[in-house]
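Right, I'll just put the structure down here and ask away after.
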């Protein structure tokens, strides 16, 4: 009896995750700090493997490689505005957003560059592999204020982690809540393989 | 009998609003004018309360504070390309888009800055409180043409109003239909509180 | 018997296209080339008819007018990362993405401008008519790196074709997979006319 009830709960829970349910699986995180100076952000190699391939690579938990703060370039000063806890889990120290169920996701993000020399770029990474990149360049020596928005559809497996990562050193960003944010919408199941 | 029929209609109408229905609840508004010179747009205070918090604030109808035109910085020259009238209502004079049902919404907008000195910024506001900001800055004294896109997920209560508002004075924008637009998608119910 | 089975299959297939199904109708295409020099891209007339009107125009197959490559300004070097083949069909030579079923779609794209003088612009076109435009301008004579993202909701009929088209000559773009991409999400049926 207990087992039957548990299965029923699982099925119900499973339905409540999909778009056919009434409560959509979404997350919207906002920056909660003020200006941050990113230093020594690593430059990713051009030949790095892409995330979100239809043939999903096995992934290892490499989250221990991320330092707290933005030392590794990952933004982590997020405030949960909306989050379905059955689908998303925020790791506050690393800044990573873990998805708890397989599926097709729409991922979006915006970063507010407030001062940079020559070139500013960030990536939306999935398990540390780049998925989307958002770039601005501008005349050297000027003060620059530019929001940079990007978004796309990605197949994700449970336990994969999304993050927003600066890819160039020496940039100031403003993590105010309306200018720097990060979110996802689970659109439904992943295609059957 | 009449009451039963009305209830059935309400239930049906309610289902037709959710994503499980076949006709999604969307709106896409396009600019329909040519160049507009925005003047005396108010600068919002940095400490202003955010919209779209998980704890939704009670809201009053302050739409009478908006003047017609772009006097208060709110863009209002919109043409309805697609709109589900059960979910969205456009207030043409104020430029505000009212949502008619509670829910989780994806809101997006783009503005085409065609001439600005130094700095251009707009906000997507919910009941006059900022939710998203889209900013460009560029070398003083040059002619600039830049589209600025932003989007995010927001919990909304029925009767809340979304608008696109310029936050800085002395900017020209081009409200041509492909460059300046504003829309929303109802993703489903809001989380149970 | 065969006819009944076919109908059942059609009904099932139809349900699997809507958001109430578990497998959402999405596509995400990524650039797969390196730098491309776009030449002689046509300048679209300001008075051109808009796509995605609520009154959908009849459309003819004008795909034979697109040359292969980017001769006509249409980007065509796409790699399929995710694509529901019941809803979308990529025409690799022309770069056009055909939708196979009527519906309400969210269309998004990003292009990475890596070098341009003065002005860079592209359009998301539906049957060659502009729907969305994404524009950057910057100081003449400087090297510029800018991603340009835009997106919107559009009603589409089966057989309509979406494409990403450069609207100005003399621009270099970088079709690397994280910076230049193109996708769509079918949100549900189109409104009943």
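Letters A, B and C mark the chains in the order given here, with residues in each chain numbered from 1 onward.
Keep in mind that, in the parts below, contacts are C-beta pairs under 8 Å (C-beta built on N, C-alpha and C of every residue); 3 or more make two chains touch, one makes a residue touch a chain.
For reference, the UniProt names are A, B, C = THD domain-containing protein.
On a predicted model such as this, the values are computed, not experimentally measured, just so you know.
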Review point. So what angle, to the nearest 5 degrees, turns subunit B (THD domain-containing protein) so that its CA atoms land on those of subunit C (THD domain-containing protein)?
Key: 120
Check your understanding: How would you label the subunit A (THD domain-containing protein) and subunit C (THD domain-containing protein) contact, same or different, if same means the shared numbers make up over half of all numbers there?
Key -> different
Exercise for review: Mind checking the centre-to-centre distance between subunit A (THD domain-containing protein) and subunit C (THD domain-containing protein)? Centres are C-alpha means, answer in whole Å.
Suggested key: 24
Point to revise | Touching two or more other chains - residue numbers and ranges from subunit B (THD domain-containing protein) | key: 19-20, 138-139, 149, 151
Point to revise | subunit B (THD domain-containing protein) residues within the subunit A (THD domain-containing protein) interface of the complex | key: 18-20, 46, 50, 52-54, 104, 106, 119, 121, 123, 130-139, 148-155, 187-192
Point to revise | Partner subunit B (THD domain-containing protein), residues of subunit A (THD domain-containing protein) touching it in the complex | key: 19-24, 26-28, 30, 80-82, 84, 108, 110, 112, 138-139, 142-147, 149, 151, 176-179, 181, 183, 185
